Amino acid sequence: MSAVKLTSNQYGKAENHVVRVYRDTPRHELRDLNVSSQLHGDFQAAHTEGDNGHVVPTDTQKNTVFAKAKEEGVTSPERFLLSLAGHFTSSFDWVTGGRWSAEEYGWSRIDGHDHSFFRSEPEVRTAVLVRDGTDDQLVAGFYGLTVLKTTESGFVGYPKDKYTTLGETEDRILATDISTRWRYSTTDVDFDEVYRRVRGIILSTFTDHYSKALQHTLYQMGQNVIDAVDEIEEIRFSCPNKHHFVSDLSPFGLENPNEVFYAADRPYGLIEATIAREEATERPDVWAAVTGFC
Amino acid sequence: MSAVKLTSNQYGKAENHVVRVYRDTPRHELRDLNVSSQLHGDFQAAHTEGDNGHVVPTDTQKNTVFAKAKEEGVTSPERFLLSLAGHFTSSFDWVTGGRWSAEEYGWSRIDGHDHSFFRSEPEVRTAVLVRDGTDDQLVAGFYGLTVLKTTESGFVGYPKDKYTTLGETEDRILATDISTRWRYSTTDVDFDEVYRRVRGIILSTFTDHYSKALQHTLYQMGQNVIDAVDEIEEIRFSCPNKHHFVSDLSPFGLENPNEVFYAADRPYGLIEATIAREEATERPDVWAAVTGFC
Amino acid sequence: MSAVKLTSNQYGKAENHVVRVYRDTPRHELRDLNVSSQLHGDFQAAHTEGDNGHVVPTDTQKNTVFAKAKEEGVTSPERFLLSLAGHFTSSFDWVTGGRWSAEEYGWSRIDGHDHSFFRSEPEVRTAVLVRDGTDDQLVAGFYGLTVLKTTESGFVGYPKDKYTTLGETEDRILATDISTRWRYSTTDVDFDEVYRRVRGIILSTFTDHYSKALQHTLYQMGQNVIDAVDEIEEIRFSCPNKHHFVSDLSPFGLENPNEVFYAADRPYGLIEATIAREEATERPDVWAAVTGFC
Amino acid sequence: MSAVKLTSNQYGKAENHVVRVYRDTPRHELRDLNVSSQLHGDFQAAHTEGDNGHVVPTDTQKNTVFAKAKEEGVTSPERFLLSLAGHFTSSFDWVTGGRWSAEEYGWSRIDGHDHSFFRSEPEVRTAVLVRDGTDDQLVAGFYGLTVLKTTESGFVGYPKDKYTTLGETEDRILATDISTRWRYSTTDVDFDEVYRRVRGIILSTFTDHYSKALQHTLYQMGQNVIDAVDEIEEIRFSCPNKHHFVSDLSPFGLENPNEVFYAADRPYGLIEATIAREEATERPDVWAAVTGFC
């Protein structure tokens, strides 16, 4: 046999879908989270010997998620992940860290009703906590917020080679599904308030300039977020260019001055960028735990 | 060879994703539709002989969708489908009818902006037109509107047999994804206005009563819609009971008075019902063209 | 209030995913089914009054699926559905029928191993039983079997109009996902054997002729199935034309004699047809319960 | 404005679905790839100034994929990615590297036919090339291969705490979807041959031992792969524990000696591990480009 070693590894229970209701008054509140728990530490023997003496069962991790939703409550995804991490790293000597993550689904009251809600938010909010010993890194974000502008976007001045057929345009549709994650420099944050603020800045930036390319627009979004929120070290975007091609109606004797578009699926442009505070330290180890961002 | 016959058949181009922009003033408008066109008529020889003399290509149907979006515009999904049907049945003698359908995705302005939008609506609006000769049947609806109430729902009084383990409850979460279709008695309808009205009635009905079962709630939704909209003959619902099970925290010494729930995926209850105006004629032929409803 | 009536309705538990293992000898067997149960009968009061006296809980239906997998075993999806129907219609006076359905996932042994398997079959097998009083109708089928031929397919001789831009071709890729359902005239069938036979005929028919259009090919598949299997009354197909467009490489000075293709997603052709035995009775009521076929 | 910097970034065209047919003889061959191209290099000005002088359009990247499929052919996904990387890094001074990836879908001949195929392989093959200057790193793998054993699996000896309710078992179903990636130490590999070999080793390892936990099984898979293939430096697994719970039939007076199982969806165990050759260098920078592995 070749000599081998166990390097990176983690395990846990994924997608514990927990709904926490607050019903102390007739006006109920709810938080709706899909939580994953994964542990880091000394799990060597489980792999090499089949010795499960250190393997806190994934079933126990699931139970803990639901128990903590009662014991600690859910005030924000980030706080809830911190409470899970605190439990696991303090309860088991060999658990030195882990990765805890959550998706949150946004509900609104139906006509202001006390206990009736509809799932109103198009985007899914995300949070990831990576703990390594005493280092906590929190990455918040969202995905699934689709935006489109019908003008004030173009694409010109690019290099041409023998495989280029694209024509330049100074008036096109720009559309994308915004997927973004930002890393905090601290855990002392009003997470819900900052979330709303960042989402708002991203949306308003989309509207406020002529976009020379999606790269150009993402950079301005990042600049504006970092300007506004001191606790954010860096922000990443991974955004498809959802192509809306002007339908060629000339064979039918019709003009089409940017009125009728074919919305294509694949292939699509894919633009990814990170905008960091000038003095920020890079943390590729943390981002390795956040799938889908370059 | 056994003697066989060609019975029901249709063909066409599915999922033509067309975005129509109105930009005559600085305040742009857009409609975003995914349109399918399928023709009925004499297509016997294509099947039995490989003679395509009657087969209006699916590619031509696609071109027509985009051309009509320019020539006729898109004022509502229903009107657009009627214009497509008019074109195909008047242009080709052997096309005696068809099935045209659309999904519409709902956008809102970002902070009231003139030409920047986000996809705001959780539900997808649907429309189906079934034309058979001179008979036009329009079925409108939506899917993907998820609602949840944290109390004022129960389930008691059901029959028990040897396979029953469920306990009765007078206080539970009720949650469902509303999927509904309604059939109009006429094509003389303000389709956008009625759509908004029906959606509003369904939501408000969800809030306004103690639900004894999902069947009980769907029936009241149907009753209220038919009361309010004269042009609707019947309305169907196909709604999962999205189970939210009270998490059993007793092994951990914790009480759980309907505060922490496990949101399950499968299996799920599935409740389907049709509420029709007393004097309505049943039209199973039309509903056969609307997938996913009993 | 407008006078309304409850017309078509059904309810039950959907997607009970049951795996039945036979381990009486060291050589284990397994059947892997996703089963849905929906009841028909007198459920008027549940809708109009919230009186659940007739509502056999969907939870009980779930329990029954798992109990019957032990008590009756799973020899084929069709036999299993018949045993469920027998239970529910004989146990509750007011249950006069229902719709029971299953998807089956196909596993093969890993290198002939006694108890280790991999999910080998690309297609999902389906079965639907519609019982109405003493009438049992069984519809079997599958979906997800993707086929492609690189030549011996063309499309010519179609009508041209002002919206036609498609060119004729006598050599193209033909590709589709085969989705099919067939209705049996009897329940006295060796269901597993017939399933394998029909699947084989459909595949071999795909290979054995020059296809003048997908309609032409589906018809021959249907003819051959009905020729070969006496117990089949009619067979339906709903098949996308998965377009593979010849990539236009001429701007780069390259010829492309049907060597490089762009596989498109949407829009796609959608071809649906029913081939019935000459003397077969039409049963639109049964097909209304089988979603996705015209 | 806060001082910010552009750090990691890449862009390109994702999911170019290209089918390459070889038809030089009557016995056709085909390769079916979904290819993504993303460039690394000096794209600072595009982000900060909207200056696209360096932005090779994603449309050009798409054209290049299709042109290269003709010019270079597709002999394996890995070779094809190398030819794309060679083109882009040699054609544009400021392109210093990139990430090129492909998924391949596996087809088999229908009954050995010359030009008719069906999509036979349950898994999707993957390949990723990360080029940084003169360093090429190739990561191959697959996902979607579902395996299940009906016995010879258990889980005992784990730590218990106050949140533990799981009972020990020495006989359970073990099922997972195998998702794996392995990194080559060289580009001088017979990629298709190694792919088949690794897949075979993983499957046979699944059958050949009593599994004390999924960790234990994955480790042995990794050990065996590294033993057998000299060109592989390390291999990663990310595998759900697809729980099959023994259905509790005792309320119905039925025994269930591991015969009837409920196949659950969520939550699920998630086990991730890397097995590396003892002397291998770790390359987290490469794995950061391979989403979904810890």
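A, B, C and D label the chains in the order they appear, each numbered from 1.
Please note the rule applied: a residue touches a chain if its C-beta (ideal position, glycine included) is under 8 Å from a C-beta of that chain, and two chains touch if they have at least 3 such contacts.
Predicted model, so just to flag it, every value in this text is computed and none were measured.
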Set of chains whose contacts include both subunit D and subunit A: B, C
Selected interface, A-C versus B-C, where C-beta contact pairs are more numerous: B-C
Same vs different contact residues, subunit C with subunit D, by half of numbers used: same
Copies subunit B and subunit D - rotation angle from C-alpha fit, nearest 5 degrees: 180
Chain whose average C-alpha position is farthest from subunit C's own: A
Geometric centre distance via CA averages, subunit C-subunit A, whole Å: 37
Euclidean distance of C-alpha centroids - subunit C vs subunit D, Å: 31
Whole-Å gap between the CA centroids of subunit B and subunit C: 22
Junction residues of subunit A, two or more chains touched: 16-17, 63, 67, 163, 165, 251-252, 265-266
Chain contact topology (line, ring, star, complete or other): complete
Of all residues in subunit B, those that touch subunit C in their complex: 1-17, 36, 38, 43, 46-60, 62-64, 67, 91-92, 99, 155-161, 163-166, 211-213, 215-216, 218-219, 222-223, 226-227, 234, 236, 240-241, 266-280, 282, 284-285, 287-289, 291-292, 294
Residues of subunit B touching subunit A in the complex: 16-23, 28, 30, 32, 63, 66-67, 69-71, 107, 110-111, 113, 115-122, 145-152, 173, 203-204, 206-207, 244, 247, 249, 251-252, 254, 256, 258-265
Subunit B contact footprint on subunit D (complex, rising order): 162-163, 165, 251-252, 265-266
